[in-house]
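This structure is in structure tokens; I'll ask about it shortly.
Lettered A, B, C and D in written order, each chain numbered from 1.
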Amino acid sequence: MAEPVGAAIVGASGYAARELIQILLRHPGVKVAVATSRQDERLDALHPGLTKRIDLACEPFDADRIAERAGYAFLALPHTASMAIAPSLRERGVKVIDLSADYRLDDAQVYEDWYGHEHTDAEGLNSAVYGLPELFRQKIPSATLIANPGCYTSASILGLAPLVAEGLIERTGIVIDAKSGVSGAGRSPKLNTHFPECNESLSAYSVGRHRHTPEIDQILTTASGGGDPVEVIFTPHLVPMDRGIFATIYAKPLGTAVEHDLIELYRSFYADSPFVRVVTHLPATKDSAYTNFCDITVRVVRGRILILSCLDNLIKGAAGVAVQNLNLMLGAPEATALF
Amino acid sequence: MAEPVGAAIVGASGYAARELIQILLRHPGVKVAVATSRQDERLDALHPGLTKRIDLACEPFDADRIAERAGYAFLALPHTASMAIAPSLRERGVKVIDLSADYRLDDAQVYEDWYGHEHTDAEGLNSAVYGLPELFRQKIPSATLIANPGCYTSASILGLAPLVAEGLIERTGIVIDAKSGVSGAGRSPKLNTHFPECNESLSAYSVGRHRHTPEIDQILTTASGGGDPVEVIFTPHLVPMDRGIFATIYAKPLGTAVEHDLIELYRSFYADSPFVRVVTHLPATKDSAYTNFCDITVRVVRGRILILSCLDNLIKGAAGVAVQNLNLMLGAPEATALF
Amino acid sequence: MAEPVGAAIVGASGYAARELIQILLRHPGVKVAVATSRQDERLDALHPGLTKRIDLACEPFDADRIAERAGYAFLALPHTASMAIAPSLRERGVKVIDLSADYRLDDAQVYEDWYGHEHTDAEGLNSAVYGLPELFRQKIPSATLIANPGCYTSASILGLAPLVAEGLIERTGIVIDAKSGVSGAGRSPKLNTHFPECNESLSAYSVGRHRHTPEIDQILTTASGGGDPVEVIFTPHLVPMDRGIFATIYAKPLGTAVEHDLIELYRSFYADSPFVRVVTHLPATKDSAYTNFCDITVRVVRGRILILSCLDNLIKGAAGVAVQNLNLMLGAPEATALF
Amino acid sequence: MAEPVGAAIVGASGYAARELIQILLRHPGVKVAVATSRQDERLDALHPGLTKRIDLACEPFDADRIAERAGYAFLALPHTASMAIAPSLRERGVKVIDLSADYRLDDAQVYEDWYGHEHTDAEGLNSAVYGLPELFRQKIPSATLIANPGCYTSASILGLAPLVAEGLIERTGIVIDAKSGVSGAGRSPKLNTHFPECNESLSAYSVGRHRHTPEIDQILTTASGGGDPVEVIFTPHLVPMDRGIFATIYAKPLGTAVEHDLIELYRSFYADSPFVRVVTHLPATKDSAYTNFCDITVRVVRGRILILSCLDNLIKGAAGVAVQNLNLMLGAPEATALF
């Protein structure tokens, strides 16, 4: 077998980085060669679960040192931090898979409107490929910059793509009522994710202004083949569990919706996607937790189409899909290291 | 002070019964005089938390013995069991507050369609008053049979009543995406409520066929002042927490919706209701857990009205509202024993 | 009835303060007259669950203003902060119930050894009464400064007091393996209490150096009637639940231990204590959660005595016992507002 | 590569079976060829998480059909059920790894005393090898019947083995205070594992009579090289989390205990064991959850030795160690499929 390619984990202290490392440790074609963090510690000090699994110390970010050792860099950084360094890596020939939001929106103005910062890497924004393999599998292999999708976004888009692609539903008024485990909020302690605050509680947050909204709109509009923009009403909720996203989606069909036909449509649409499971039972987030699967089913209730879509926010919603993208870029089987 | 009235708890082994007893132990005007259960045990054996709180043994149901000692009976029974015994109590002059679904639906046929059993107490069905004090406060004092509302139902109706009463929204296509803690499923162990199954998981259940649906339709239709029936799309979810219901409601306004005006409308509508808190922040179920409050806020997102409504399913959704009804029947202050 | 006495809550933003306020709102003889916090907000902004319950804004600490309106002050402050202000309140005639550790240890040197700060209020240390009513019920009524016990401490001491008082066990080598819900760690977000870190996990912490150790030693030595110091091996664990302390205690009997006799001893020892329940079943923390009870049972296993003792850390371990102390100071029934 | 060996999962509906299948799906040398269950369903109907992972229907147990297709059978059955069928498999040349307790105790009388059933397979009892690779790695390769250890047992024994092997501690009075996640109780719904009962609660159970007690005694006595029997005081607790066992162990040293030396002893003792991590930080169950690791540290507190030992009850405590045993029997690297 060929020499494994080197991978850099930029921003190694968070949960998505930890999951990435765990997945890559099973990947026969990849070696985690560099980890960067402002915390100058060993990886197993940052993540005790990695003890005896990897012998690597974090170092400060240095594009040259990464380029020496790694062909691919995963950026597990907050937004704005990614676009500050991605160009320096790409200039040096390092392909970038960015887990932040910096390259997901086509339009710099929309980015500025929702993220409150000017976008500083127009070239990157233009050349980035949106890394949702189920929709953009053809474009990913040749990309040098991947905008890895948001977790809510993946659950929502995979749930709606077949319907918008076929033009079966109204484009506005689509309700996405989404529920997320707490790891989706990241690893920085805050009051709302302090255990005694969010445990045994369910709440909505960022109602009407969550930043995954324009991302969902944009990709669904693309998936619909253009025309009037798709516009969703997206409501995220915080659920007292570690992992998992559950999107309950309500759409108004343009014609008469038949449950059995819709299931067949979804099965056909995802026939080549190893990580989408179109099921007929009602899924639970636990079935896809700790996996790269997205489980989807469809129901018709009082004339509306309900789609239930769920996935693990840290795997299929972050680290797993990032490796799926890497596999496509490497020309490796899409599922390598992901079962 | 007058002699406290005797209360009977029929079906004392479940969670709602336990909550009822705890509330009534604080009530200066009531004495828990009888508890019945098929389990022939002391109350503190069934509910260890009641140790040193009440010295009472359960007995088999006997209408005569209840009538001797109690003026009011709370039925904490499964549906069909309530209607099998309520007449015998009412014949003997015992007023009944039924926590089951047996007397909630006006139409015996609708009951049969959704519950799969013929309704056997037409007289009770006709004379029962729906025990949601916020809507039917005037009718409750003179009632002899109260149909205590369902937990999902109360959260949903309180969230929507001001809008349908004012005729501000479309009557169909209303989406109620509801999330419940596990105690809502009762105390009988089943696989789906076995800890390792439902912990760390979120799932939908009874999609399109949950029995609170016709109850919500019916009461909202009444609240709307008649006309075309209100028809909701109700989706319940199971959340890994003990208590709490959170209803995220999406309605299409008939005119232009203004957030501030809606908040004012709700405040006015519930001005005399001590247990509805119309708030401007986004509520969490934890704020109303272990209380008789229902917390509600309203938002306008992309032209739709969102209502967030939450309450404790065992208190405001069951035992607390039952005591609220009792207070109204007794002529006591509505909030007695409920703070 | 007499005019209610005014109470001040000093440090109103934490969990124990919130519980205190909720209990005092039910107390017929007390009015919450002052709340202080560095966060200059309304109480219901700090604690949304208090909405519609109390109409009071926090103010900065001012001993004069407290003395004008309150006869009693509860200090819900971190250690060192209490001793910095308690003298100013007591000088003005305000009686103090301190929920911090500042007045719990008799010996200023021991305080300095374990807390790392010099003790600055020797007079307070000398005059403070340790506020565990089950052991010191006689001394509390006349106290002007109460050192409210630690949560682990109460569970441990109540579990061991009958045995050490009767001289039935070896004084060293007593193992207290204690498990606590996360609210015991306070309301300040930290990494170890960040939901995705501590949820679904159990860990030990502060092994061999937890600050409740010398407090347990001291009070048990007192309870033993003097002689050689009692010395415990105390190991705290963090459990993914909101509330509750469970102490599993292992002691070596000096003679032959008989389970039935021990249960009788405990029942007799706590005959006048309304909030200790000596049970024969194995207790669960849930049975005493949200109550002021401490549940205790005793077993003999392979010649060792096992004591299982549990309570709610925020109620019986903090706010509830504080009100129990207040009641004794007021000459009110010990259980007022506590059921 | 050689043809993979066939494996049978006997009793496929439980949690350990599900974990086994997930691990074996990653094993290059094994194919899950048979699954048996009284529930005549597809594996992915029993375990929705296995959807798209394995295409196999359960069948009734039939020793002949297993022998045709499988060289190894994992028995994931309740005690007594294993010994009822193990002989029939071994007669047909199928090697057996039994996850029940049936072959763990050397002495049929001890089995009868603790399990309440006569032991019916004396030959099996004699020839079974206790499948704890860290202690019995030499005996496992040639075994035809493996008694896979209990989950509490593994955590306890791995925590104590170095001390008893070196004769450093007193043999009696060893306290093992153990805490387990709820999946350890199996998949059959019962009241004590019903979510609203055990969630947000911690309790002890089977105090003084848990069946892992004689197993721990026996293996530690063996590990001590004989002499007086080791006798532990074992107290299990139920913790509201899915997975994980945490054993806090208290032992009295015969001489002076020095923390650093003990850590070195443990490191040396487990130098060849890939799945024991001797750490110096205080471990959390979460670090080893979903892995085959056992994390151990040692402390000296007031002259006692404390050992903290934790593992995932379903992996290292059941399915993972079963595959570790299989690997040793196959002559494959011990860690195959286990990272």
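Everything below uses one rule, namely that a residue touches a chain if its C-beta (ideal position, glycine included) is under 8 Å from a C-beta of that chain, and two chains touch if they have at least 3 such contacts.
Given the structure is predicted, the values throughout are model-derived calculations rather than measurements.
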Between A-B and A-D, the pair with more C-beta contacts: A-B
Chain of greatest Cα-centre distance to chain C: A
Between chain D and chain A, distance of the C-alpha-averaged centres to the nearest whole Å: 36
Gap in Å, rounded to a whole number, between the CA centres of chain C and chain A: 46
Approximate Å spacing (C-alpha centroids) for the pair chain A, chain B: 40
Shared-contact residues (touching 2 or more other chains) in chain C: 181, 197-200, 240-242, 283-284, 286, 289
Sites on chain C touched by chain B in the complex: 25-26, 48-49, 51-53, 200, 274, 277, 279, 281, 283-284, 286-291, 293, 295, 339
Residue numbers on chain D that touch chain B, as the complex places them: 15, 181-183, 185, 187-191, 193-200, 240-242
Footprint of chain D on chain C - complex, ascending: 172-173, 175, 177, 179, 181, 197-205, 207-208, 231, 233, 235, 237, 239-244, 246, 248, 250, 252, 282-286, 289, 299-302, 304, 306, 308, 310
